[in-house]
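Taking it in order: structure first as structure tokens, then the write-up.
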Amino acid sequence: MTQLATVPTGVPAPTNARPRPTRTGGIDRARQRHGWLFVAPFTLVFITFLIVPLGYAFWMSLHTKTLAAGEHFSGFENYTRAFTDPEFLHGVAFVLRFSLVLIPIQMLVSLAAALVLDNLSSRLSKFSRLMIFVPYAIPVVIGAMMWGFLYSPRFGPIGEIFGMFGIDAPFMLSPDNVFAGLLNVVVWQWAGYYMIIIYAALRGIDTSVYEAARMDGANGWQIALRIKVPMISSALVLIFVFAIIGTLQFFTEPQILRSVAAGSIDASFTPNIYAYTLAFSYSQFNYASAISFALGVVVFIGSYVFLFLSRKRNGLS
Amino acid sequence: MSAPTLTREPGARRRGVTQRRNLGSHTFLVLLVLYFALPLWWLIVASTKNINGLFTGTGGPLWFDSEFDLVANVRQLFSQNGGIYWRWLGNSFLYAIVGGVGATVLSVLAGYGFAKYRFRGRNLYFAVLLGSVMVPLTALVIPTFVLLSDMGLTNTIWAVILPSLLSPFGVYLMRVYAQDAVPDELLDAARVDGAGDFKTFVSVALPLLRPAIVTVLLLSTVATWNNYFLPLAVLSDTKLLPVTVGLGQWQAQSTSGAAGSQLWNLVITGALISIIPLVVSFLSLQKYWQGGLSLGSLK
Amino acid sequence: MKLKTHGGHPNRVMTAALWLGLGAITLSACSGGSDAADGTADPAAGGSDGTCTNTVVNPDAEQVTVWAWYPAFEGVVDLFNNSHDDIQICWSNAGQGNDEYTKFSTTIEAKSGAPDVIMLETEVLPSFIIRDALADLTPYGAADVESSYAPGVWADHSSGDGVYAIPVDGGPMGMLYRADVFEAAGIMTPPTTWDEFAAAAQQLRDSGSTALMTDFPTNGRAFNQALFAQAGSEPYVFGDTDSTEVAIDLNDDGTKKVLNYWYDLIDKGLVGTDDAFTTDYNTKLVDGTYAVYLAAAWGPGYLSGLAGADDTAVWRAAPMPQWDAASPVQVNWGGSAFAVTSQAKNPEAAATVAKEVFGTEEAWKIGIEEGALYPLWKPIAESEYFTALEYPFFGGQKINEDVFLDAAAGYEGFTFSPFQNFAYDQLTEELFAAVQGEKSPEQAADDLQGQVVDYATSQGFTVK
């Protein structure tokens, strides 16, 4: 990391190095260093807006400050507190549970939609592809606000919809339903995006593969499950990683929906909400930093375990 | 779900089966479309109502009220706080475009550098890069604010734009893509012809990276457009807010009792209008971005 | 799998965009860097120069930055700027309530970027005072304006010997009710005690009406607290002497009495439990689902902003029901004030703004008529104009004279804790748990007491 500090800043000027043909087939050794020139502009921003703030936040997490007493260095005390804090652990348990249910459902919906769309070329299928994708174009905050309206039994349409079947509308954010209610918001917002990724991967498969399979007597189901799905498995891995990181840091949707369901979405509903509340509502910035890093550790373990298990597919050998 | 069928080359013999199966597929699609479009339908209908129509309207939440007030709502968007809504929308565009293009440029350069050069510290750097996205951004609000404040940039457009230039994920995608899409032999050939590193990059690599560039541009533009909590913390000037934060502010104003004012119709109409530009550009540009979206997975 | 390669010459558009972007980044990076290197002052932070929402009339005068979210505030700012040569307000709306506090908190931690003057709800004052974020206004002539405010109100904005904010608007409580719904159920006079209130709720149900008497929101925060206070709850003693000492009494008999009263009505299905200020709650307020809206003096403004479609609705105002009609207790819900931050460049000028911005009749007429604020500034509150003001929404009733002025006069003040957000969050959780039937109201109050005491201890307070 010491090298980072001496990275030349600014724009990489086009280097006018003399032609130096290589004989070994790769770029020659001296030139490898020019890689830094390409990485430099990003590095500047990366250090300024991620590494330095992270360092600062970490430093904060090693201190303790209370409302009545002053600030003092407390080492890893905040971390031992975090990992024994029932509020934090409860939040972690929730996001883990949520990921375990959300990700498979999301995968199934987007995979099913993509497989169906891949087989059709009707006008309806093109229209559907776009409609399924459209929620991704809606900012998450606005989407969550909208669902807050939609879930209102009296104000939103949910009462009317259930009324058609003669049932009283449930409140989708009551303690019993909040899990499903949030699940629905997230699936609605992101499934189309994942669907498009999978769809694009499916379109990239050489169709002659199917021909061969059909010659061997495979039916549509078999082709889908035995050929298509394995061939796009690296796209699926990508989606998994997206989804794991995103879901463990789950924040925006419940944070916005708290304003209409303060009882079931409490101040420590997810670890990220807990960190946010601690910092900005309770002024416990130091402990909030520790909670954030503790969550970072959880996310790190979660996604690295997954990346490691699937490393053949993700291009990061 | 019905069994997928092979419609790409529908043989005459198979047509009957295909159509029957397509019926199932199409039913499935119609259900999906209903699910994904219903909230939007509600939003469209709701944006044609005034406050009374929203709370005590006659048509129910899923149908139009007796009064059609879309035009009045839009007009009120022009008059409320001196038409600040349109300024918010413009800000969102500015942040999304500058942030999106900037992040893409940095990601393309860095991703290419990571993919095609074996400089010292590369692997460690890349590991740090991937690890850094694990810590939630809420931890960074205070440090980022302090930093921006030291630079004299809080409450300026740069406070939103500069942090959004950072797209570790874009770098990751570009690296994975460039590794395969830009063959070493081509680069070597260019160098043999006497081209410098940057010239080689521009003339050989860039054209090959085009699908990935479009995708990273799309992802980073959407990410900036989505921005909410950072601008919330670093901007205090109403005139600089992006539309997400602005609408959030109006919503807060409507839900707070004391010193509040009821702006529900503006929140809803404003939300509808704010999603139109992105939806339209998605629809009209789909040819360009769809190809690239699977990158990172094509191996 | 092979990738399709797009052969051909370099895409010129792409290259151009690349350079454009790079240029923008270098530019911004440079300007950022140089600013930091020069150590120049930070004109942008806090929303001064050029970032004012209002127009500055006299650009040479001392500028005071103000964050506030009052509706129709721009007119008030213009009045101030037009009448002051030496001081000008530069106002921006940094968000409502929590949005603003988030920003303010950030600036306190960063030690820069706060405005000179900030609008704060009275209930959060102790939370910011304890972080040394607010300036004591005593040296800047706070005493000059003390006589313009009721003693209970003034006490709410003071801590120990210091005065930390100048009061603006308040929330003395009253009862707004649907006279037409009551009448249909044969309730001819509005209830004046809580016993009568419960009886009326039952009568409403027995009459076959589908309406509920009212709502008891578990996220009512200050609303719930005010109801407890009416029964004698004084949950905190804090700030008078040592700011590391706090007394906490959240499970007193008064609180438990109030909780039992409401949970009984909820059990009988006479009262709703919707979260306050959601769209559903609003719908039920205006569609006749709730016959009563227990409101603060700003409530009429909130209500009339929503309703209007239903011409048949007849709203009237009456005093809050009492536990003991012979010795009525008046309570307050909400209200806000202007504080000077400890980052203020010129605290004296800032204090002048805090004292004077809502210190004229013209300013208050805007605040009352366009912002629906309830004035704590006595010259206007006691004026003929305000007492005789007729509200068309209430059929021309003089609601201030009938209800709110008495309520304000009887209010004796309330002490909030320096960790009020935490206490409120716990209150919401406990009330909600009780509504869900997870625990009894008494248990909820006892648990709340335990949690807040633990928290105070962990924050370094000595709990008495």
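Order of writing sets the chain letters: A, B and C. Residues in each chain are counted from 1.
Methods note: a residue touches a chain if its C-beta (ideal position, glycine included) is under 8 Å from a C-beta of that chain, and two chains touch if they have at least 3 such contacts.
Heads up on the chains, UniProt names are A = Sugar ABC transporter permease; B = Carbohydrate ABC transporter permease; C = Extracellular solute-binding protein.
This is a predicted model, so every value here is computed, not measured.
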Quiz item: For the protein chains shown, what form does their contact graph take: line, ring, star, complete or other?
Solution: complete
Practice problem: By the contact definition above, name the pair with the higher C-beta contact count: B-C or A-B. | Solution: A-B
Quiz item: Per the centroid of Cα atoms for each chain, what is the distance between chain B and chain C, given in Å?
Solution: 35
Quiz item: Where the CA atoms of chain A average out and where those of chain B average out, how many Å apart are those spots?
Solution: 14
Exercise. Would you mind listing the residues of chain A that make contact with two or more other chains?
Key: 41, 45, 149, 155-156, 204, 259, 279, 285
Exercise. Specify, in ascending order, the residues of chain C that touch 2 or more different other chains.
Key: 1, 22, 25, 29, 98, 102, 106, 109, 278-279, 282-283, 287
Quiz item: What parts of chain B, by residue number, touch at least two of the other chains?
Solution: 54-55, 105-106, 141-142, 146, 162, 165, 202, 248, 255, 298-299
Quiz item: Where on chain B is chain C touching in the complex?
Solution: 51-57, 98, 101-102, 104-106, 108, 141-142, 145-146, 149-156, 158, 161-162, 165, 180-181, 202-203, 206-208, 210-211, 213, 232-234, 236-240, 248-249, 252-253, 255-262, 264, 298-299
Exercise. Note which residues of chain A are touching chain C in the complex, please.
Key: 9-11, 41, 44-45, 66-69, 148-149, 152-156, 175, 204-206, 231, 259-264, 266-267, 277, 279-283, 285
Self-check item: Complex contact set, residues of chain A against chain B
Solution: 1, 3-4, 12-17, 19-22, 25-27, 31-39, 41-43, 45-46, 48-57, 60, 109, 112-113, 115-122, 124-125, 127-128, 130-142, 145-147, 149-150, 155-157, 159-161, 188, 191-192, 196-201, 203-204, 207, 210, 214, 219-221, 223-224, 232, 234-238, 245, 249, 251-252, 259, 271-272, 275-276, 279, 285, 288-289, 292-293, 295-297, 299-300, 303, 313, 315-316
Quiz item: Which residues of chain C touch chain B in the complex?
Solution: 1, 3, 5-11, 14-15, 17-18, 20-22, 24-25, 28-29, 31-33, 35-36, 40-47, 51, 53, 67, 69-71, 92-99, 102-103, 106-107, 109-110, 112-113, 115, 121, 169, 171, 276-279, 282-283, 286-287, 296, 298-299, 302, 305-310, 334-336, 371, 373
Quiz item: Of all residues in chain B, which touch chain A in the complex?
Solution: 1-8, 21-22, 25-26, 28-30, 32-33, 35-40, 42-43, 46, 54-55, 60-62, 105-107, 109-110, 112-114, 116-122, 124-125, 128-129, 131-136, 138-144, 146-147, 162-163, 165-166, 168, 171, 176, 179, 184, 187-188, 191-199, 201-202, 222, 225-226, 228-229, 244, 247-248, 251, 255, 267-268, 271, 274-275, 278-279, 282-283, 286, 290-294, 296-299
